[in-house]
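In the two complexes below, chain A is the common chain; its partner is chain B in one and chain C in the other.
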Partner chain A sequence: MPASRPSSDQILHRLSSSEYEIKLKAIREVKNQIIGNRTKKLSYIKLGVVPAVADALAEANADSDNGANLIVQSTAVIGSFACGVDEGVRAVLDAGAFPHLIRLLSVADEKVVDAAARSLRMIYQSKLAPKFEFNKEENMDFLLSLLRSENENLTGLGAGIVIHSCETRDEQNILCHAGSLEKLVGGLDGSMSQRDASLESIATILKNNPGAVSKFVELQNGRALRSVIELTRDRFSRTRLLACLCLICIKNSSSCFLQDIAIKTKLIYILLELLDDSGQVGEEASFAFSSLVAGKEDLQKLAFEANAIDKFYNHLQNPELNSKRLEGIFLALGDLCSKLECCRSRFMSLQVLNLLINALTHDEANVRTAACICLKTVSRSIKNLSAGYFMNERIVIPLVRLLSDLCTSVQVAALGAISNIVVDFTPNKSTIIQCGGIKELVHLTKSMDSSLRLNAVWSLRNMIFLADKMCKEAIFMELTASSVATLICDPEPSVQEQALALVRNFVDGCMDCVEFAFAENGIILDAVGRQLKKSPRIEIIIQGMYAVSNIASGNEFHKEAIMQMIFPQAESGPQSFLSQYLQSNDSRLRTSAAWIIVNLTAPASPGAFGRIAKLRNFGLVAQIKRMASDPCMDVKLRARVALGQIISFGDS
Partner chain B sequence: MSLFWIVVRQLAEIEAMAASKKVIPREVWERKLNNVKIRKEDMNKLVMNFLVTEGFVEAAEKFCKESGTEPDIDLATITDRMAVKKAVQSGNVEDAIEKVNDLNPEILDTNPQLFFHLQQQRLIELIRNGKVEEALEFAQEELAPRGEENQSFLEELERTVALLAFEDISNCPVGELLDISQRLKTASEVNAAILTSQSHEKDPKLPSLLKMLIWAQNQLAEKASFPRINDITTAALEDPV
Partner chain C sequence: MPVRVVLENTPTPSHVSAVTPRRRSVQSCTLLCAGQAFSGTQNVSSLQKDEAWRVNVRLQGCDLEHGYLCGTMEALNVPMADTPVVTFWEGEIVDARNYTFFTGKWEAAPEDDIRHWTKFTSFSPLLSQVEVDGGKSMDLSNYPYIFMRWKEQYFVNVGTDCGLTIAGFYYVCFSCSDGSISGFYYDPNSSPFQKLELKATNDGRSGFSFSSYELQ
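Here is the complex of A and B:
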């Protein structure tokens, strides 16, 4: 029986022996020990076997029979170390074996070439493999020579390099212009492994690249595309999946390709069927499904009609699903429910929600994230929100717990879900308050990570939408006016926008609520005013304008504070931001500005007359008059209301 | 007979006619079959495919010479594949593993299930030969780590180790693992994996064609009565009963 645990005594010594037989036997022994055996690989790596084998490889002479034997065996050892074990790839690269393997690709002995190509292919399957620089001409020549080769191991290596290293659009274009698509298409008629390698590398070149896609669909008068479509019916499930992925890349690059409803339906059915595969193909099928339906209502509809939700639900009922599968299925369900109410209601009626709740506490972060993303889209439903399906302890407690998850992506996804479920159209948000949700959310608004700040503010903004005064007060106390002011001036523009929207919701509703803007000596109001005067972004300004408009609907004191903000100096001075926004090209901005005028000139308040006089002095009344015939209905309506109020005080 | 009864009788006759199947006489059937053309080269390819897939390398060489049919695979690889198969069938699993690794080091590195089954077979052979201590050590060192990686491997490992607990193997509930059929099962799994790695189908085409023949006959038999082939080894047409 061979020693089951490698011992340093002999093996390193024998590997560096000067006697051919001893050395060859030692290398073969290592090979047969490590192939298929992760534990052995790790312990041999620790022992320092990789550099010893790499030395043997470097020293061997490919022209002699003995040397060739040593090379074939040591190359196999190196390939196996690199297979499936990152530590192995690192050790192989550190030992300097890589350039030797490349060199061996051009020797005469075919066995040596095969062995070297196989090992390099293993290395290129790892992220740790060195990046292949496509922009060097000699590199492209080398790659094309691989793709052109008759030898399956060499074409396989070429495809592996493309799959590993082609990431940017520039790289895709270089490959495209050099004619690599034509070469790869040749492999579609080849053996199973050639077909798979070709499909995967074609997909890599086409992904998100409309130019490359146009070139591909016209290749050989569309014959290349037809071959790929044909391969979606292949006998091997992996080939079917890769062919689907290729078609998805084509479909996603531009809406003008693969418009045919038959093909869209076919893709959906094939991917749903591939879910039944018990291996990796089944895992990847749901991710492919996601990218097929994401953001596309027509495909979501077709998938709904193909009973996709039932199908995913059936899979979820298997208690032994691994984490990758769970993640993929929840992401797919999330995309499926992102637009259509029929999908969401099927989701609810099958009670998939129960399984989703379990997934919120899964051990794997990716599963927790996927479950939150799915919950976010399912709760994008006024019907489900109004029915109160989400605002209960079974969901809220685990969600709030995820706000302090160690993994940022889980926190962001949980915030996304919370953002939606707090819009429950009932003023009572006690469930989330009781389980400490507000403390967590406020805590996250102070995070160093801007995506966490953004989503936390967003959640709070939604939570106080139509909330009662008690709820707003609870949140305001926790958040404090100075923090709100800080968020309005956050370095991240998207956070600024949400913070202004938060203020807008705070001061919306009853008169008391307007007071929030005046806490701590009006620190919030000052911050809003600063953004309105300096921000170049329209989305930010619109939120700020509505915050101002809501404040201007308050009492006399509130209205005067807004007047002060609009006209800080004496009677004349630089043009105010209000006047500037009344003339904006963006109708949304004009609407918000007109709203401010409406609220400032409301005839029921005693100071309206004085404010109108001031507006007139600054030329704003004249502007409003011109807006009474604005092309935008909304603007026209608000301008006419304002004008009516102004005229009621006498048009002088 | 009253008119009523005449009508009833006529109706019954019509019904019987509808239910009876169409009868196809032998000469008509043979004429129809004669009209189907099968190319000689296609037949030869099917035979070659059978010889190659099943591993009859010498027969394949002879057949290639005599019929001029080129095999779709390098015949030398068949010899290697058969050597692996034979090694498993005769219980030399370690030898088989080395041979597979010489043939293509990727096969066992990328197929954990096959690798586990080969290691399991090694364990079974150790137990069969009464090497209890060695078996235990092997299970611990080689197989237990695979069980940690995969739940179903762990269950299979537990089943295999249970063999050690029984003095009298004939009474052991997992005794079938020691059966020769277990070796054949493992051998055919290795055979299939090697064929797949060579981009070759793992099953010959001939059995599928015969399966299709039997299925098609059964389908037709529901609608018609015709001379059918019941014994596929003679392919004789038998008249319907």
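Here is the complex of A and C:
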């Protein structure tokens, strides 16, 4: 049946009527028409019905029967407009209805209070709802009065406010110290709606807050925790999911909580079972699963034993899956394969990769991102990388296309996957070169976004690991020496580190490759030297030191260039970086410094004698002698090799 | 490195016994890092004739925390193959944390283990303790030699029908000092004590060079 078109002159006129019956009838009419009907809501919002209803609410007198009746009806209409439609929430807030609804919570008429609380709950379900300021004392008094109320609508509103507005550690602590957890635990024995609201708000307060978690697990001598565990067996799937989320927050806050293998296994089985729910619970279950297993090898092992990969794979085979489901499942699989080879191996043997490849070209950016993240963790397997399972056109072509995706998070995720799959231990990276991968990667090293620059340089660094000279030349020509030098001095330290590792790999391999460091009048070598003299970060210095060490394993010219870098003036000046790093507290840095000495004093090189004399003049030989009994075995052994070489030229 | 197939069924290797992961892993050694290359020979002599195959090894991954390393092994002048034969292998590092000297699988009994480990002179100081408990109470973190088992997992560039087998595994001893590697191939169905001898290579450089990658 065709719906009647709302007429502005009719409905607006009647809503503002001074006659009670006409106004009430108009409000009821609106209420009946918009309930569950998004199109109708939007059409009435456009007509300006929301301000008219808000005016009716503001003008009504709660002390009279008629007024109370008008308030209950108009409040219900306002709640309905705010339910699930952001435009509705915005219109309600713009019309100034929010303070009226808050005011009505303290009137005597219970029906009015109920209606106002229900309406406010709807508003607080939206991100557009005003942020509740927990740090104001009067606000906390108000919130606690809601939470300790006997009225289910008021406690539900209190929980809704917590879920909506508690975001920071400080806010969690305020709520915790004010005793809100104790109040919320009371709701765990209530109706389904109360249980769910309590569970969700408890999880909000506990998330990433070890202090709040400690307080919660001790609450009522552990009875509160036992109640949550009990609710993982509830007959309603949403309650089971929310109970699991609470327990995951507890588990994730410290490894000392919920260590019992039975509980961990139970959580895994419940979440896997909840995947079967066809609604929102099923969607959210895979995200909850991700946060349960992320970074935890023991839980990944249990999930593997529970056939989690097979279960996710079975769901993925359903062609009707919506994008949220796909995203959640790929993220869950990604976390599951992040540490254990047995998981990756199962993933590969089930050929989940084929479904993942399809997802790389999905319409939704979130799905493309999740697929890339999953590919990144699956490709952490050296065994599979070496077998060449990822370096093929079916995977590389769509991945390279994603490098120019409009969404930055997709680009970053694609770079993450590419940086792994290029480590295929083959010398020529023809697959990725032929599909234009180098051009795209080099382009992203110049991005304004530092995460794109970082991951692009990282990919190139991994790509030239053990690559042949031709492959390196192709990349170097596209990248240019001056760009490499710029990246070495990038404002982001993580980019500097990857850029120095890139140089280290460029100058590895055949002797000719050392020349890359000397292109454009040695602009790269100068940048490396500058970083070694000024960077305070160990990780950056280590990469720079190995770049220098690799160059020092070249020919006479290369070795002398390094000597010039270490001792720029003929006579003694400030302490050289090499001397400084030979004495570092970090053994990795001492090792790299010792390797430079080993390479500079290699006995087969004609200039070794002169270099040894110079090293001795600057006190470095004495340092090496002391290092021959270094507590770190690697340092000690390299120092002894260097010393042996030095002695072979005659020690003074 | 693969050896010739002997057509007999080999039983499935048993699982290695778990070791309580409390001890320190072996200390890192720059010469035992991903990217490092080694070359040398494997003696495959039999009663009929003396024979040695040239062998190149490249480390592709090393995870001391988990006592794991892996890489490829290339056999260059295999008589029955047209091209060099490349295999991918995975290694267990004997660190008394993840793995002991006792193999516990791959058809290697403790007596086989001792018989092979004692072939390495650097093993002599450890023998008496290993005979007691496989070395699980030892602190090997400062020992200048690293003992390992390398097990080939698959052929990289030839099919499984190439007439070669990778059923056995290597007992390996690595010198942290100069990166030299000695090994003995063990397969009950192949000639015993086939010796592997490798030295660190440097691509014709005047010194040592180290590249690196980092998985995300």
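Keep in mind that, in the parts below, the second predicted complex is superposed on the first by the 649 of 652 C-alpha atoms of A that agree within 3 Å, B and C clash if a C-alpha of one lies under 4 Å from a C-alpha of the other, contacts with A are read in each partner's own complex, and residues count from 1 in each chain.
Throughout what follows, a residue touches a chain if its C-beta (ideal position, glycine included) is under 8 Å from a C-beta of that chain, and two chains touch if they have at least 3 such contacts.
As the structure is a computational prediction, the values presented were derived from the model and not from experiment.
When both complexes are superposed on chain A, chain B and chain C sit side by side without a clash. In the superposition on chain A, A:489 makes contact with neither chain B nor chain C. Of the two partner chains, chain C is the only one touched by A:633; chain B is not. For chain A, the partner with contacts to more residues, out of chain B and chain C, is C. By the document's definition of touching, neither partner reaches A:622: not chain B, not chain C.
Of the two partner chains, chain B is the only one that A:118 touches; chain C does not reach it.
In the superposition on chain A, contact is made by A:555 with chain C only, not with chain B.
Of the two partner chains placed around the shared chain by superposition, chain B is the only one that A:83 touches, whereas chain C remains out of contact. When the two complexes are overlaid on their common chain A, residue A:466 makes contact with chain C while staying clear of chain B. Our summary of the superposed model lists a minimum C-alpha distance of 39 Å between chain B and chain C. When both complexes are aligned on chain A by C-alpha atoms, no chain A residue touches chain B in the first and chain C in the second.
On the side of chain B, the complex with chain A involves touching residues 97-98, 101, 104-106, 108-112, 115, 134, 137-138, 141-142, 145, 149, 151, 196, 199. Against chain C, in their complex, chain A makes its touches with residues 376, 379-380, 382-383, 386-387, 416, 419-420, 423, 425, 455, 458, 461-462, 465-466, 501, 504-505, 507-511, 543, 546, 549-550, 552-555, 559, 591, 595, 598-600, 602, 604-605, 632-634, 637-638, 640-641.
Residues of chain C touching chain A in their complex: 27-30, 35, 58, 60-61, 70, 72, 88, 90, 142, 144, 153-154, 156, 176-178, 202-216.
Within the complex formed with chain B, the residues of chain A that make contact are 1, 4-5, 28, 31-32, 35-39, 76, 79-80, 83-84, 118, 122, 152, 191-194, 320.
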